[in-house]
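Below, chain A partners chain B and then partners chain C, in two separate complexes.
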Partner chain A sequence: MSGVLFHEQTARQRIAALADAGSFVELLAPPERITSPYLAQLGIPVSFDDGIVIGHAKIGGKKVYLAAQVGQFVGGAVGEIHGAKLTGLFKAAARDRVPCILLVESGGVRLHEGSAGEIAIAETMRAIFECRALKVPTIAVIATDIGAYGGIGILSTCCDHRIMTEHGRLGISGPIVIEKWMGKKAYNSADRALVWKTSGGKTKYLLGDADALVHDAPEAVRDALTKLIGKSKPVNLGSVKARQKELQNRLKRFGATDDPNVVWKGMGVRNIEAASLASGPEFAALAKRGK
Partner chain B sequence: MITAKSATRRQNKAQRIERVGKLARGKFVSPDKVPEILRRIIEPGDILCLEGDNQKQADFLANQLATLEKKDLRDIHLVMSCITLPAHIELFKKGMIKQVDFCYAGPQGGAVADLVKAKKFPVGAIHTYNELYARYYIDLTPRVALIAAPKADRKGNLFLAANTEETPAIVEPTAFSDGIVFAQVNEIVDKLPRIDIPADQVDLVVEAPYPMHLQALFTRDPAAITDVQVLMAMVALRGIYEKYEVQSLNHGVGFNTAAIELLLPTYGERLGLKGKICKYWMVNPLPTLIPAIESGWVESVFAVGGEVGMERYTAARSDVFFTGRDGSFHSNRAMGQLAGHYAIDMFIGASLQIDINGNSSTVSKNRITGFGGAPNMGCQPTGRRHPTKAWLKAGAEANPGPGSPPGRKLVVQMVETFQAGRVPTFVEELDASDPSIRKALHGVTPVMIYGDDVTHIVTEEGIANLAACRSVAERQAAIRAVAGYTPVGLKRKKRETEDLRARGIVQLPEDVGVRPSEASRSLLATQDIKGLVRWSNGLYDPPSQFVDW
Partner chain C sequence: MKKPTPKKTSARAVLARLFGASAKAIAIEKSVLTGYASVGGGKVCVIGTSNGTYIDNEAALRLAAHVIDCIEKNPKTPIVMLVDSAGQEPNRVAEMLGLASYFGHLLSCLELARRKGHKLITVATGQAVGGAFLCYGMFADRIYALDSATVGLMPISAMSAVTKIPAAVLQKLSKTMPSLEFGAAPFALLGGVEAVWSAKDDVQAKLEQAIATATSEDNRAELGKKRGGRKLALDIRKKVLAESAR
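Moving on, here comes the complex of A and B:
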């Protein structure tokens, strides 16, 4: 019951744990000191990596491009430099036909440099779809409490695959934003169980938004990556229409409920209490997903 | 033989009850009548006891009391262990209180400091729990006590469930001195699971419109334990628990000691300490103790109070916890404090501030909190006579003189050198010694644990064995040696530190066989609340603020 937890690791520890020993080569590494010009102007401390580590490595002997966001720095938010590194990495993946993995930990665009961040997200989405058109696999790993929100939430869902843990959260608007607009009665952001049951990895897995649900351990994430690294999913008119239909169905089935347990039950979870405590594959085993 | 005085006191009680008259049906009153009844049963000059410690609160009765005005209620001598609720503060603001004797004012510490500044807080003294309970039998015997219980039956017997806490310590002196005991209960039932307070010690009962407030006080989320706290826990385990073979103990409420609890089944097991240490506990049912209990480390746990969410687990582990015939958990604050005073090898806890002589306090000019129970356990019980290995070993180290006891209780302060916000823990002089505080407390500095009682201070820098120091100067040097980069620590002299280290009075982590690089959260038996639920086989029901699943 103990060991190293993926969600507690730093970005660089995560990369070290996932990549083959000594294989990671960081691009635009901290010694190059490429930092945000905007934060400096505002008198806010900068980070020498601008909150994201990018580079290439081998996983199980296979070359990958790899990015890891640094949640400790402005919540992993995307600024101009951060965004440019992300865009460049996916462009390089498309150019070199090398799978690209993003270890997500970001609430979205950095407010201090909003326009630059938004543009970077859009450009990265374009680069991801370039990859997908070329059948170069793209994978988002969403496994931290900060999760994937805002532009990064959208970007994550553009990838071929999403690997999640029960700690990971995926959405567009964060819980506090939803509460602010819809009211505490509609969504209480302090109700942690509600938040995780609506946007957490388990629910996302049940609904098919996550392709794999794994234990909160670097080895488990690595295993899942190894399985998905060579697989791409086609994206075309047919796949988009099918997805749209799926979402319409989801709205029809669950749109009226405000109890996430109804969704769980609807998606085949019989014993809610046991499933709440279970993690990774044990949870998956307790649920007959997408029934 | 009935003396004139006791007759008077008894008659006085009868008069008060008579004044209630038809507002009550037998012992039972309806909630809307409570303010009027309180007005009729409390007389000016009364010693009034409000139940409420750091966990359960007679909050309905306190709130009703606070609706009265000074014309209804004045010259009250308030005695209570914890000033916790806004309603308590209201009584002072309305000028009803002529004197207050209490123990602790945690959540209202700021409000109490404001009252002191406004000269609206006429304090007799700040006590430790057992000290105040003891005075209930001597010179602070309540005329009226307002108490709380989960259930009453139709005769007025009370069931206290997991949170017996201080109810008996209030009821007994009140009931046996012709005082009035008025209980708020969550519900009135035909049959109680067990009887904790007999009906003939209870005068009035109200079914409150909302359940009594119960604070989850001892729940520490393992996710918030830091690597530094793990390091300190490892140092404490090797340098104190293992060294003295500490078998019986109390843990304070904090992340430092939670780290120790969670290291027992992992690091402790690796050191081969299972069965040698930490067998008998005087501690509330700490959720972080679950892994150690499930791993067979713990023989027994007695508690001063319950803990929200631990009801099913404690009932299932009645081989370890004290439980009633009904199978549910039992606590008792006065008896627990007594056990913690006399019957344990070690008390270990944290503090906000420690001065150069080892005195600690949590009081400052802007926050007057007080003591609670820590000093009842964090002190040397010179009335103790029974030996244990740890007691004798610590006693021998302290070099007893011809007129002192052969043993010592281990009293350990475990603190990081800095608090949150880079506030140094170690200071030359306590904030509590501020003249305005001393004046309000009749010349007494509110010290939580006196330096003379402390045997060890553990920080992330190492251990200072204060008991082994031979002079005041040496003790100060030992404290500076483990005070890190605080102003107190920066004044240490290298040669003094080296001399103390050579004599084993100061020990760095490596001196007790701990490699700081090894200290990591991954050593904990579990790193989150959910893990505790799993360890408990689903029997622990954490409060909702800790649940994210």
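Moving on, here comes the complex of A and C:
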């Protein structure tokens, strides 16, 4: 391993580290100067990529479409242009029958652009399912503290696969919002351990909402991508009925507890202390994930 | 700016307006609607929310179960989705158990229904905001709204509180940028709603027509451009498709 931490990389560095050397071709690249008129009107700095890098590349010699959200720019939030780039990419993937990978880093809709971002997320969901109907694999990589929240959290669950690291967080309402709503006693957003056990990669992997839990390293993410890139998950009567049952059981088993450790134990983690300290893949080995 | 004054209409009254006497067969349990009714003499499956309720894991599962029931027992029956929900309740346990995945599952069930020939029509009847609208209503083939519905991301006051941009600034900008405005009419300008139905309209006839004319391709970006509320989305998408085809 290179020692590079995936969560510390920028969006373009992540793409460069995952793609075969020199294979990435950016679409609607920064020189085209496509920027948000909303932010401009509000006097907020704009970005020439509107917070998302999209394009195509090869991974292990296989063509993929790739998008990477830029967390440093308004929290990777989805505005009209950002969202349209994402919709277009999944539509291109469906048209060309090429797998599509989204490196997620977004709190959801960009509030400064109001409902336009919300509709864009809904349109992208439709485009993701267009891919899935054609058996074109779609993969969300969730590997940073900003994670996948709000509409982008929901959107991530529409993809065939989710690859997470222990840094990654997946949910809808973020910890600060919940703290405001339920009170600090019920959820202290500064309690990092609790936040990670609520929305972090380990818990999501245990419950089966993440398909892989890997090291916080570009090589590890790339390995996981290589394994999943050719696999699609069908949406058919059998699959949705099985999922219905699984989610029902999950609610029945754990709906009455607010202690993540109960969920961990229930899902086969024997030593909570050791599992908390374990790295992603060690954790995956320690915990025999319940089906 | 006239404030939208949400009239408190009972869930049963809304259902009766949309489905007439056939609305009686629709169950309302903890503000979640499931059942079958008829529109213009044809059977429809109904799922939805009422009273501005929050959608939690259990509610999502109940809606999904009814969609599966419809696919299995009533092939190709149109599914009418009613939305009156303030969103997902910000709740730690719901998040811990993966609320996003419950919503993703509901969307998968609706996608399966669409692929199997069920038409999907949404009517926003009350609050249709944020995640509540994204987790099923916005996934329809065609989306309509009663003019009494509050549709959009969030009101300007809430947007101002989170972004720290003065409400007056957002208010002024919303005159030229309908995306910032909150309501069914501006949402329609963006293409997010096909048409707004007013109190005078015969909504049963409108719903019948909506079902008859719906097609499954997503026309929202085209609408948004045509109506001038969302000028960029369609062209950007086309540019991506053109550049990637080179």
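In the analysis below, the second predicted complex is superposed on the first by the 287 of 291 C-alpha atoms of A that agree within 3 Å, B and C clash if a C-alpha of one lies under 4 Å from a C-alpha of the other, contacts with A are read in each partner's own complex, and residues count from 1 in each chain.
Just so we're on the same page, a residue touches a chain if its C-beta (ideal position, glycine included) is under 8 Å from a C-beta of that chain, and two chains touch if they have at least 3 such contacts.
Please read these numbers as outputs of a predicted model, since none were measured by experiment.
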| item | value |
| --- | --- |
| Of chain C and chain B, partner touching more chain A residues | C |
| First (chain B), second (chain C), both or neither touched by A:L5 | first |
| Contacts of A:N261 with chain B and chain C, given as first, second, both or neither | neither |
| Chain B versus chain C as contact partner of A:A122, first or second or both or neither | second |
| A:N271 touches, of chain B and chain C: first, second, both or neither? | neither |
| Chain B versus chain C as contact partner of A:K197, first or second or both or neither | both |
| Touched partner set for A:L247, first chain B, second chain C, both or neither | second |
| Set intersection of chain A contacts, chain C complex versus chain B complex | 197 |
| Residue ranges of chain B in contact with chain A within the complex | 266, 291, 521-527, 530-531, 533-535, 538, 544-549 |
| Chain C-touching residues of chain A, taken from the complex the two chains share | 27-28, 34, 37-38, 41-42, 54, 56, 65, 80-81, 83-85, 87-89, 91-92, 95-96, 109, 111-123, 125-127, 129, 132-133, 148, 150-151, 153-154, 156-158, 170-173, 177-178, 180-182, 186-187, 197-199, 203-204, 207, 209, 235-237, 239-241, 243-244, 247-248, 250-251, 254-255, 257-258, 260, 263 |
| Contact set on chain C toward chain A in their complex | 57-58, 61, 64-65, 68, 71-72, 88-93, 95-105, 107-109, 111-112, 115, 130-131, 133-135, 138-139, 151-154, 159, 162-163, 165, 169, 173-174, 177, 179-182, 186-187, 190-192, 218, 220-221, 224, 230, 232-234, 236-241, 243-245 |
| Residues of chain A that touch chain B when the two form their complex | 1-5, 8, 166, 190-193, 195-197, 200, 202, 273, 276-277 |
